[in-house]
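Common to both upcoming complexes is subunit A, partnered first by subunit B, then by subunit C.
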Partner chain A sequence: MSDDTLLEVRNLQTQFDTDEGAVRAVDGISFDVKRGEIVGLVGESGAGKSVATASILRLVDSPGRIVGGEVTFDGKTIVGFEDEPDARGNPVPRDDMLSDEEMRTDVRGQEMAIILQDPMESLNPVFTVGTQLKEIIQLNRDLPSKEAKALAVEMLREVGIPNAEGRFGEYPHEFSGGMRQRVLIAMALACEPSLIIADEPTTALDVTVEGQILNLVSDLQERYDTSFIWVTHDLAVVADICDRVNVMYLGEIVEQAPVVELFYETKHPYTQALLDSVPRPDQTVEELVPIEGVMPEAIDPPSGCRFHTRCPEAREVCRRHEPELREVGDGVTPHAGACFRHEAFDAGYWESDPIETGVSNFGDQLLTEQEEASQ
Partner chain B sequence: MASETVEAEENVAGPTFESRVGLRHTLSRTLENTATKLSLAVIVVITGTALFAFVDAKLLDYYIANTYLYNPRSAPLSSQPLLPPVGLSNEFGTGTLAHPLGTDDRGRDIVIRLVYGSRIAMQVALVSTTIGMVVGTTVGAVAGYYGGRVDDVIMRLTEVLYSIPFLVLVIAFMTAFGRDLLYAMIGVSLVSIPIFARLIRSEVLSVREATYVEAAKAVGGRDRDILVRHVIPNSFAPVVVQATLQMGTNILIVAGLSFLGFGAQAPIPSWGQMLSIARNYMLPNPWFSIWPGLAILVTVMAFNIIGDGLRDTLDPRLKE
Partner chain C sequence: MSNLQYALKRLLQAVPVLLGVTSITFLLINAMPGDPVEVLLGPTASEELIAAATVKYGLDQPIHVRYVKYLIAVAQGDLGQSIHYGVPVTEKLMERLPVTLLLLASSFTFAVCVAIPLGIVSAKRRNRATDQFSRVFSLIGVSTPNFWIGLVLIIVFGYHLDVLPSNGLVMPTDPVGDVAGADSRLDVLVATAQSLVMPTIALGTLQMAAITRIERSSMLEVLGRDYITLARAFGFKETTILRRHAFRNAQLPVITIIGLQLTSALGGAVLTETVFNINGMGRLVIQAIRTQDYALIMGTTLFFGFMFVIGTLVVDLLYAVLDPRVSYEGDV
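Moving on, here comes the complex of A and B:
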């Protein structure tokens, strides 16, 4: 692990044990977060983004559990297992893996913080905003009440809340969505963690407020030199804020690249499909192309490449073999992708027969019908 | 800094449904209803009366009653028993203003007995409900929050309590420990523990999944603190409603116990015991049993109406 790498995730696997079988929500993802970097985690709903972040914080609730892989954070082993499972096939935690208590006291809040998706629900409605912020500060720092309060007010001011002194004593329902998200950012920053996980923090906000929050985060990130994992499904946000991006599909990372590279040298059909499905300021298209079909259930993932059921480029080989994440870039910028179409794989993609992906052109039909109706 | 952009984002939090938090708001909304307002007035008056009786009985040893009023425990030999209320007459005489509601079988003034009996009623309402609420809420919240084995053990135990008929439970308890008002109150609180436990548990089950609980965990909060600071306060509204209703129920249970000879012991006046005595004179002198019955009815009803009023304010599902 190089010095400037803060978080290293290797082959992380988290599954949910259900009556129907194990749902592998996160199935062997690997990525790094360097110091002072904003790393994006992009994907549709259900891709496993939130479970991945919960796993990094070790906050996966039963029936979910981390079943494999390694997470190293700033020299500490957050997740780590012995090579051999126990007699019943369950993974055995390594000795150097932090205990639950150590996770709570030394990592969460102190070193890692999370900004949750819904600012409306993330604050306790029965206490004032200030009390909650102060509580977090006192929980993680040994400060007397007065200083904690002063710091809390300072933090509120820092995230751009006007009249911070006065608003300290107000309840969450007296704040607008954007203001609440600012409060949550203040809470995450309060203990100056080295990594903040932002789990779709702007999804619930309207675009203007989203813009303000993104600016605020950029400013604060530069000032505090905090690293971020930015979970989102919004590629516009990714383009705006992230340094590097991981694209997730059905529990796996399918493409990993610096942000500019990802947008202009797209290597995976799924990323391409995502890009084609949203309007872009740099390209003019007649029509947006949606991704056909829905993401399959993680309990029974498709064979081979998991995207082959919806992939316009799918061929026979995609159904039979599963591509792993490989270096597919030009050799200058690191760029990893998991698609047989690239030379790095040499799996006989181009010789293979194209397959009918089974997705109907329902959307197109609908459009044509509408056009006919309007004429 | 983003402060220059902030003006555009003027805070526009209006009176959303969430502004139901806050004690003052809850109270003012609850009191919009006339029946609730009246009931609250009734409870305030009875509480005041009970407080007065408590001070006089416990601290001044009936000094005020003996000096300025009648002794609620014993009457002088000269006083006429079973005197009817003012304006009515029976074979013992005609009611006088000196005893506006009449006298009992030993010639004790009924008004003063009712006043001093209110002390027992309110004491029972407060003490037994508080014990039941505190214990029930604690075990129920712990069961709901931790779940799994803890939940199973606690809830099965409370169900055992629940399955025993309450009168049998309380009488067995008092037979074991003594026929004292204190044990009556503890016995009654035992009855209400499972009610509170089940109520808050169901609420905790949903609140523990709330985002702010997750957020509290993510900043390294202790489970115990999360339970006390985040989960219980947000699950407490139905408990408040239940506690109010339970006060009425507990008064009724203890009155029933006193009627059966458990509970407050003579000569300390209590409403249930007054009823019990009055039963012997029911046919010729019905007013004798009407007064304590009325006192119980009014008090219990007032508690119930307040409870209903609170529920209307606190339960978002009942809102239009």
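Moving on, here comes the complex of A and C:
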């Protein structure tokens, strides 16, 4: 695995302009993807994972727009703005930022590909699987029809579809979910991109098929030396496949670490809560602990640390100040976290008063009230 | 089962449908006050004459006997004799049918050719000025009765501007001598085109508006699908995505609506032909009802019923052509 950086995301901000105000779906995230690396992007629904990946592809649909930050990919500026906004306060794209046309012809498909969540929905029902694969190859690799077809059949074989020639001419509805996801992987790999964005690609599959697909991806990733951004909410998948992980909460990255570090040296209460809410083969517990409450709306995020409303460790300081992502590791392995409990912050967390988070003991309160009422 | 076998099976299913149509129509026309003989002979006819005519047309027999006799004749391809015109009903239908078919074909060509591009542009430029315009335009279109559009067109273009003929329809097959001011076949064709403009707009506006609306919403739905996102992420051009990846998928609901509109257009043809004085099937129906011409009413109704069955069948067969998931093979 080489050490040079393929994708660099710095302070990326994407917002949706709605009638109620701007929803900051991605609010200043930074992370890197190195060549040949699988980087996880983890979080609950609505954390901004998919908007983040759409921003990297520059495929954010109106009313969404990228309003700040910088994304550099293999020396190309995907997102980059001038320091000063224009008269109306809108960000001004820098000259070196790729045009929409350059994004389409030089980046999408050629250099970056995606695998989407739902294999049932991701293939066009009116064309054969082979036609769709061949079309993508012809568009991005400039091959004559015959060679494109040969490559398409080879790719189908590569992702483990039996009788690839025969199935080339079949329609998506004649494939099972797992087989369709294999086809989508073939599509993503066929153009030999350097980065594949996998947006919850195994969520819609059952567990045995999920395992097969994960093995297939690991295999192919090594052979093609492709980098992946793996978007998921499933920590088991993260443990299985990722090299490094970014945990997102409400549009921000709250913890960033190599996968083993993240699981054993967890630095952020949110990550801890995620880990406690799923069964782990390496730890036996009496009962799983769910994360209390629901994620607040991104249109009106809580003050201070955005997780403080649901955090069992929250103190006064968390409500008043917002922690940024800081190096909190042992100094050997890079490990960043955004929580005042760590020394790196020196924000007076331990002297601060604990706050009632409201949601966490809501059930207890209810019980107490009932008891009082019955007495 | 191949698509051909499926089509034949569906045609067989048309038999009970048409049987239902005939029995209801037969009951209804016999429930109307008066009878065709009175209409034909007028109020001054003598008792004997009326009695003789009643026997001649078989109207002295009880209704169930007449119905069964009619069905047997129809099964042999005989739709009976028109009392009013004094000719076989089939002959009258064959004379009027081409006129109505030309009008329908012209209206649907107009409707489809305007509606589909308009719907697509509207979906592509959602909520922008073009879209707002097309939405208001189609809303007005679906809510305006076609006879009113016809009358307004006649007043504006036929009367005030005097640029288009507003009376009758010149058929392309009409003899050159019969068409005023025509010296050649080309002149006749030009006259046909001119006489078609206003009836086409009058009849086609409703279908056009209805198809635009469904095209827009269907396109919007397809453009939101994952496979379109995927196509974008693989670097396809927006025009390619519209034309190749989205268009075909979006046409299924559109085809359904076109099929249904075909039947409502038959009703619209009755009004349009009346407004523009066109001697087609629509006016024939009106004429038949006014003169209580039993055989002619039955014949035209039966024919409209048949058109309806054919329309829905064509829609179902087109599904199989457009969508590989729809197949009638293996269907029993």
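Convention: the second predicted complex is superposed on the first by the 356 of 375 C-alpha atoms of A that agree within 3 Å, B and C clash if a C-alpha of one lies under 4 Å from a C-alpha of the other, contacts with A are read in each partner's own complex, and residues count from 1 in each chain.
We adopt the following convention: contacts are C-beta pairs under 8 Å (C-beta built on N, C-alpha and C of every residue); 3 or more make two chains touch, one makes a residue touch a chain.
None of these values were measured; they are calculated from a predicted model.
Partners subunit B and subunit C clash in the overlay (superposition on subunit A). Contacts of A:A113 after superposition on the shared chain: both subunit B and subunit C are touched.
Contacts of A:V209 after superposition: subunit B is touched, whereas subunit C is not reached. Of the two partner chains placed around the shared chain by superposition, subunit B is the only one that A:G160 touches, whereas subunit C remains out of contact. If you count the residues of subunit A touched by subunit B and by subunit C, you find the higher number for B.
Looking at the shared chain after the overlay, A:F175 reaches subunit B, while subunit C stays out of its contact range. Within the superposed three-chain model, A:Q138 lies out of touch with both subunit B and subunit C [touch as defined at top]. Legend: residue contacts after superposition of the two complexes on their common chain; A:D219 is shown touching subunit B, with no touch to subunit C.
Once chain A of one complex is fitted onto chain A of the other, the partner contacts of A:T77 are absent, as it touches neither subunit B nor subunit C. Counting contacts by the rule stated earlier, residues 57, 59, 104-105, 107-110, 113-114, 116-118, 121-126, 136, 139-140, 171, 173, 184, 187, 191 of subunit A appear in both its interface with subunit B and its interface with subunit C.
By the touch criterion given at the top, residues 225-227, 229-237, 245, 248-249, 322-325 of subunit C touch subunit A in their complex. On the side of subunit A, the complex with subunit B involves touching residues 57, 59, 104-105, 107-110, 113-114, 116-118, 121-127, 135-136, 139-140, 159-162, 171-176, 178-179, 184, 187, 191, 208-209, 212, 215-216, 219. Residue ranges on subunit B touching subunit A, taken from their complex, read 1-3, 5-13, 16, 18-19, 21-22, 210-212, 214-222, 225, 229-230, 233-234.
Contact residues on subunit A toward subunit C in their complex (touch as defined above): 57, 59, 104-105, 107-110, 112-114, 116-118, 121-126, 128, 136, 139-140, 171, 173, 184, 187, 191.
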